[in-house]
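Order of writing sets the labels: A, B and C. Residues in every chain begin at 1.
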Amino acid sequence: MSASVPVVMFYALGLLAVLGSLGVVFNVRNTVAGALSLVGAMVSLAGIYVLLDAFFIGAVQVLVYAGAIMVLFLFVVMLLNLRGGNFGPPRRRAGGVFALLVGLAALWWGLDLLPGAFFGTGAVLPADFGGYRQVGALLFTDYVLAFEVASLLLLAAMVGAVILAKRDIGDAE
Amino acid sequence: MTVALVVKLLFIVLVTMGAFLPLITWVERKQSAVMQDRIGANRADLAGITLLGLLHPAADVLKLLSKEDVVPTGANRVLHLLAPVLALVPANAILAVIPFGGIYDFAGTQLNLVVADIDWGILYVFALGSIATYGSVIAGWASNNNFGLLGSMRASAQMISYEVTMGLSIVGLFMVYGTLHLPEMALLQDHGFRLFGFLVHFGVLHALPHWLDLVRLPAWGIFLQPLGFLLFLTCIMAENKRPPFDTPEADSELVAGYHMEYSGMRFGLFYTAEFLEVPVIGMVVTTLFLGGWAIPWLSQGTIIHAITPIFGVGVATGLCMILHVTSFLLKVVFMIWLQMALRWTLPRFRYDQVMDLGWKMILPLSLANVFVTAGVILFLERS
Amino acid sequence: MSVVPLTHVIGLSMILFVIGALGALLRRNMIVVLMSIEVMLNAVNLALVAFSRHWADAAGQMMVIVVIVVAASEVAVGLGIVLSLFRNRESLDVEDVSLLRW
């Protein structure tokens, strides 16, 4: 594994993503800063997707996730105008789960050090891999059922969100 | 390779930011003055020479640089500094994918007049438009100010609504040209199409008479997708909060909305972002709908073949390149004029009118546009 | 050839998933819980993209699009629920909506 620019970029972006996620979870005082660090994490992940030859997914990640979903989060946080974060002592039952999962991650990472590690660096890619044509062709031919169900899901979510957030006529402001 | 990249970057910086930005500040004042039958700003002078008010942009910059950067008490200092940067950087970065000219062959080496030749160029433009939302959203929150927060609420709701319709109104164009690659889209608009060709396709005539065959239009987006052009122009102006869609900064209601608590060069960054978006909108609309760098009825091959007997191939290609870049810049200037004219003609929309327009009128129309375009393409390909 | 070994990418995905799971379990602010769920979904997306790259199969990327769609709908409805709860109880604490717990 040479120290070329893409490799260094992957580790740098990975570090940024981890720091951004930590900023969400361990941010006690300021929810807006937490949401913004999550935006940073998502943009770093989009960069990693581009490094992994998934160009369309990287663009969709910035466009939809970082650009629309997180704006929705920020909108709600600002609307509710709460600056507080935690409200009390954290629940303690997550400690064991945490230790187990960190152990799993360390084990997975350590597997690479074994001789003859069973995950190499990947197959040779066809041309235009990760472009919008391939993914779009799959979405509209082989997996068109998933596409249709996803659009129905979006419709249901839209109707649900409108009904949930609506005030009844005659409510006091 | 790197030299070409540096030259292209310098061209963008010098032309767009060096020439267009001050020009637009001046055009804003002078065009509004001419449209409103008054003289406009013409007092800034350098040793007594006023130059018709062209020195006002320089005066603006000097004024903004010399003012104090005020951060209100109780405001979040980091976010207060971050917001103008998030507003300006996307507007600048979109310039990387706009093709200023075509692909030219200079004795073996190819020169492609675009800084970043990305296959999914339009998605990059939309993605950066999504990031630009954060500048407005954070600015209001970080100001610790009720009017600022109200302005940024309006800004975020308006911008994400019009992102949706902006994407949908372009889908018809993607179907017609079959690509998201901006240089290729400009290249496809270099051709012409017969205006009365549909008569042959629908079987009304077997072949066109010679005089009807000569009526050709350039295959520009505005002719192939007229409804898409109108919808996209509306949506991109609303997305960038250009008047008449500037309810987030409504001067008569919100005292400048989300950038109220900004002064000095921080406001200068917002100011620059807002005025940089005017040529960027112009360039995006030009590339998509007005043929980019293409000269109507004269394709690149025609021009080079016409000039080669006189000057030789190398000079012919260079002249063609200059002609193409000039035609691109002229079209961008036209789009700037159009946006300024729209600004000073239409009164500001009310906020619920803006939302109604986006969701209830433009969204169904763009969906209908997609269906009709699909139907026409299917019909034309089957016959 | 990819730039990094697959193990490292999956390791990053697991770390992100753990962080998201921690947030969803430990924090008491409803919006932070929703954001932690988004972190977990992003970790899953990263794993999908890595494997799609490894096996040179674009179906993984198609699944990522479906996951993003699901995340978007879940965020919309979830934030609607958060707004309704806030209107009723004036609080964003998850411990205040534990009526079904015995």
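Here is the rule we go by: a contact is a pair of C-beta atoms (placed from the backbone, for glycine too) under 8 Å apart; a residue touches a chain by one contact, two chains touch by 3 or more.
No experiment lies behind these values; they were computed from the predicted model shown.
Asker: So that we know how the chains sit together, what is the shape of their touch graph: line, ring, star, complete or other?
Answerer: line
Asker: Using CA atoms only, can you tell me which chain is the most central one in this structure?
Answerer: Answer by centroid distance: B.
Asker: If you average the CA atoms of chain A and of chain C, how far apart do the two points sit, in angstrom?
Answerer: From the centre of chain A to the centre of chain C is 6 Å.
Asker: Roughly how far is chain B from chain C, centre to centre by C-alpha average, rounded to an integer in Å?
Answerer: The separation of the two C-alpha centroids amounts to 35 Å.
Asker: Determine the centre-to-centre distance between chain A and chain B, using the mean Cα coordinates as centres, and give it in whole Å.
Answerer: 30
Asker: Which residues of chain A are in contact with two or more other chains?
Answerer: 56, 60, 68, 72, 79
Asker: Would you please write down the residue numbers of chain B that are in contact with two or more other chains?
Answerer: none
Asker: For a test of understanding, state which residues of chain C touch chain A in their complex under the given definition.
Answerer: 1-12, 14-23, 25-29, 31-32, 34-36, 38-39, 42, 45-46, 49-50, 52-56, 58-59, 61-62, 64-66, 68-77, 79-84, 86, 92-93, 95
Asker: Please name which positions on chain A make contact with chain B in the complex.
Answerer: These residues of chain A touch chain B: 30, 32-33, 36, 39, 43, 55-56, 59-60, 62-63, 66-68, 71-72, 74-75, 78-79, 81, 128, 131-132.
Asker: Enumerate the contact residues on chain B facing chain A in the complex.
Answerer: 76, 78-79, 118-120, 123-124, 126-127, 129-131, 133-134, 137-138, 140-141, 149, 152-153, 156-157, 159-160, 163, 180
Asker: Quick one: in the complex, what on chain A touches chain C?
Answerer: 1, 4, 6-7, 10-11, 14, 17-18, 21-22, 24-25, 27, 31, 34-35, 38, 41-42, 45, 48-49, 51-54, 56-57, 60-61, 64-65, 68-69, 72-73, 76-77, 79-80, 82, 84-88, 90-91, 93-94, 97-98, 101-102, 104-105, 108-109, 111-112, 117, 119-126, 129-130, 134-135, 138-139, 142-143, 146-147, 150, 153-154, 156-158, 160-161, 163-165
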